[in-house]
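In what follows, chain A forms one complex with chain B and a second complex with chain C.
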Partner chain A sequence: MPDVTDPQTLSWYEASARQRVANLLDAGTFEEFVGPAERAMSPHLPLFDLPRAFDDGIVVGRGTLGGKSVLAAAQEGRFMGGAFGEIHGAKLVGLLRAALDVKPAAVLILFDTGGVRLQEANAGETAIAETMRAITDARAAGISVIGLIGGRAGCFGGGGLIAGTCSRLAVSESGRISVSGPEVIETNKGAEEFDSRDRALVWRTMGGKHRRLTGSADAYCEDTVAAFRQAAIDLIETAPRFDLAMLEAEQGRLEARLHRFGACRDATEIWAQLGINDPDAVPAMTDAAFQEIAAGVTEASHDAR
Partner chain B sequence: MESLTFRHTTKTPLAGAKPLAITGVVASGNLEVLLERVLPPNACEVAVETPIGGYGDVWEAVVADFVARAQPGGLRISINDGGARPDTVSLRLLQGARLMEG
Partner chain C sequence: MANWRSERTARDARIEAGRAHAEGKVVPAASVVDLLEAVLKPGDRVCLEGDNQKQADCLARGLAACDPAKVLDLHMVQSGIVLPEHLDVFETGIAKRLDYSYSGPQGGRIAKMLYGGQIELGAVHTYLELFARYFVDLTPHVALIAGVSADRDGNLYTGPNTEDTPTVVEATAFKNGVVIAQVNELVERVPRVDIPGDRVDFVVEADKPFYVEPLFTRDPAAMTETQILMAMMAIKGIYAEYAIRRLNHGIGFGTAAIELLLPTYGERLGLKGQIATHWALNPHPTLIPAIESGWVKQVHCFGSEVGMDRYIRERPDIFFTGADGSLRSNRAFCQTAGLYACDLFIGSTLQIDLMGNSSTVTTNRVAGFGGAPNMGSDPHGRRHPSDTWMKAGREAGGTGDPALRRGRKLVVQLVETFGDKLVPTFVEKLDALELARKTGLELAPVMVYADDVTHVVTEEGIANLLLCRDADDREQAIRGVAGYTEVGRGRDRAKVDELRGRGIIRRPEDLGIEPLDADRSLLAAKSIKDLVHWSGGLYEPPARFRNW
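Let's look at the complex of A and B:
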């Protein structure tokens, strides 16, 4: 089956949502819900004379990961920037709610999204809120929700908010996590505040390396499906409890982070404060060298997003 | 949006027994092709939804060429187009037929 190529070398960034989920899970175990043949497509896009996708840009289903039963959702970042519309959101919310009945070892969300689809913004915003509620319900029931981020659309807008509610996150260098994207910040605050064309600035502010060093992401992967698979297996094992004590500790860590780094003007200043000898060398560092450095930074291993 | 449907009779059914395949993504210059083995073995139907109007003749020629080359008997093929060029459409159709044979 051509969907299953070699996950050791298949680039997560380049792969489609279908390729990612098929190669992430144990071979041949993925079973899709509400697949393309059911044609659950956006009711809104035709009003704007825009093309629809048979799966509305998200693939949801179940399978096994390392022999454990999991539910999985994969966003297709190339269809409308992986943005949340009504059907797209409903499929993710439905999957998370089903977790309460199915009780899988984890729910995996393969983020690749710019946020809410502007053409169906109200439905999309509602979907974001419902998704966050469904994630907290699942976590409260003891089911871990693991986010995997390394796609071309990154994880922005409401997707960034949802990522913040996950039990654990894995990210690659090209995975970016934020709420307001570079262009949004520049439009609202000017290029002096944030120059969206300065790709190096974008990557060191929102990119995977920075998110890993500040502890926003719990694992850093090289850009292969195999690396994300191993990270997902490891993160399921280490996912934190979800209770009041954990939430209060997370709040405390976020306050401490703001206090410690609030005056920094650039990510490199944060990295220097974290004790990295040559912060300017971090962006060009190989994945292996970076992982060695990240392992030595205590800030990089706590639960605060 | 422009909706186009082309119906063809093939000499043979498409090899293989796979009931369903999907390939491609609806993105700029790309398209997604959904193939379902639901028609009589000598029939092929291709339904296209495209936001770029006025290219019905080009679609007709590309689909006819594909049917002649692949003999995709039994397939209902549904396309969501994102403004793909004819060569991309042709490659995606052949890729889809290959997936159904696998």
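Let's look at the complex of A and C:
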């Protein structure tokens, strides 16, 4: 039986936001801002007779990673699906804005979110926009923003948009990145278009392996806190500059992707076009075998973003 | 002179009429409606095979498409009301009367139709009870069954999901009835003969493979710490204390958690080989880690489970398999095994009243019973002793010569005090009573009667009802584990303390269990993928349970 207190084996997927952030950073260095003792809670949820959380489902603070100073935010997917509400969003935006003064080596966002909290949608949507603005400001100031995605709730809705503005993303197999979630697509377009109960389809389309192969994510890790830690350390080193040339390269990359894969009906067709010999084998592949395959796919490595 | 062969003559006429649409015994899928309209007579008793797992869905669609002017007033005698077509036939008048057992997904609609008087309900049975009536007063005139493959002579391979088929065929074919089987494919030679061809009159090549519901797959990723705590209490406070070797589990997350704790928590308690060795159980994917760790000696199955077939083939020491290597399940035999040869049934329910009666019926859902009331009852026909059974019997008390005192089957309800959407599990009065009043049922649909239930386990503790000596003991024992529900808050504190002193109520701390230890890290598998790894890649979970 694996020892659960050991970050080497602690599952990212299983861990709480607090366990993730504490074990991701250098041991004992995490210092929380606006912690649960301050009880900054949602002003909206009581109107709906819904329980609140003392931290509104997000942990923010600072610490060091590999000796470098970083800021970190970790969403708690088990509280309202990690969704953005007013306080939740304000804590993330505040952290990102503080980066301009603190000038850390990077800001780490540990995504675990279904998107905006419906009960406080206006505040949540605003928070998404403010977060994206704060990220671009931080990146323009030379501070990398690294997203880590491998939680139960995935990274959906506004979270997916925010992830798109990060400097680099690391993802595990169970991590999913998308804007519209499977159920939303099915509701709007029908089960023939996207059967949300076909979870193999969901993971083929939104899951970590696919996102890595198409280059939407820049690193793929096994589902341990230790693997995410190493990925974060590596990605800080390789984060691209944020300037016009990079943005144009990113635009070009996205246009080329649409052109090349726009007619594909299933992710396996994309993987085949990427030169993977047995695309049907990809979902069941072990992490190590997949890493090897992904290393040979050029789409997976690029300097855009 | 009396005619002793009128049924046989009628059967011959039906078959003659059906042959017009067949080539030998073989009927193309496109001719199903013609075949059924030729064979069925108004008022027939018809068994349309389907239970909580496999469905004769091609034949169900065919029946629903029949002309209600030709096929009408049928009396459906079938295990499961599961597909929409099973109820559509009552709306069109094709069917009128119903005797059944289980109605999971159609529970809401069947309740509406009962209230609306569209269905003349005979009774809601347990599986074994309905099977028994097939041989006494509900013998089908026509059986519509499902198999994997058949040859042109009608020899049928049911595959791992044999389930109800042999029972249904036995009752129909040997009492002048007509048996129509849908199969996924026609073959030269079936892998094994589950039903001999002389019991099958027509074989329909289905347009698509019959549907099987993966009802027994529980995703470890969705298991909560509360369920883990309850599972720890059940293992330590019941399995270990009564040394339960022979058992059946329900389909809930709580019992799945027990299965996943055997190789971890159970191992730590040194219980391997002492408990949970012989099972009457479907091939639950969550049992894989216990099997792989050497806990399980053998398992007999009601049906199969989607994705488990390859794994079962590779574990013939554990499962019952045919000469072809695949699982042989049989619902009637396995229900009998659960009734007579198991010392424990443990399962969940939606409502429990103050005496311990339980039901899964709510005012707007009639889910039926399936097999739980059968396995969750104390069989008075049992004569063989076991230490478990005898210990439970002694706890239940009694006077006179010990050699004349029977034992007791352990029937355990494993429930959280609040269920889905925070609806309280404990109630003063079961909704089933209101349903019975509104629909004019003589018997309220009770899942497990109070006099059969021996223990109630909640996150607050274990109530041992065997040790209760009067109605007040019993009511307070149940209130004493009912948590913050109205029923729980209505407890007599002094009495509950007294019951705790007598060992009737036991809290986690009384069992030496620290609730904070109830952590997901105790689960031998935390995801479906972990189960695949445990199985050495042999378990192939259906797409809806994957997250890769």
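In the analysis below, the second predicted complex is superposed on the first by the 298 of 305 C-alpha atoms of A that agree within 3 Å, B and C clash if a C-alpha of one lies under 4 Å from a C-alpha of the other, contacts with A are read in each partner's own complex, and residues count from 1 in each chain.
Going forward, a residue touches a chain if its C-beta (ideal position, glycine included) is under 8 Å from a C-beta of that chain, and two chains touch if they have at least 3 such contacts.
Only a predicted model underlies this, so the values are computations on that prediction, with no experimental measurement involved.
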| item | value |
| --- | --- |
| Touched partner set for A:186, first chain B, second chain C, both or neither | neither |
| Chain B versus chain C as contact partner of A:11, first or second or both or neither | second |
| Partner chain(s) touched by A:197 [first = chain B, second = chain C, both, neither] | second |
| Chain B versus chain C as contact partner of A:283, first or second or both or neither | second |
| Which superposed partner A:174 touches (first chain B, second chain C, both, neither) | second |
| First, second, both or neither for A:299, with chain B first and chain C second | neither |
| Partner chain in contact with A:207 - chain B first, chain C second, else both or neither | second |
| Intersection of the chain A residues that touch chain B with those that touch chain C | 1-2 |
| Of chain A, residues touching chain C in the complex | 1-2, 4, 11, 13-14, 152, 173-174, 197-203, 207, 209, 283-284 |
| Chain C to chain A touching residues, read off their complex | 221, 264, 519-521, 524, 526-527, 537, 543-548 |
| Chain B residues within the chain A interface of the complex | 1, 20, 22, 25-27, 30, 32, 34, 36, 49-51, 78, 80-82, 98-99, 102 |
| Residue numbers on chain A that touch chain B, as the complex places them | 1-2, 16, 18, 35-37, 46, 49-54, 76, 78-80 |
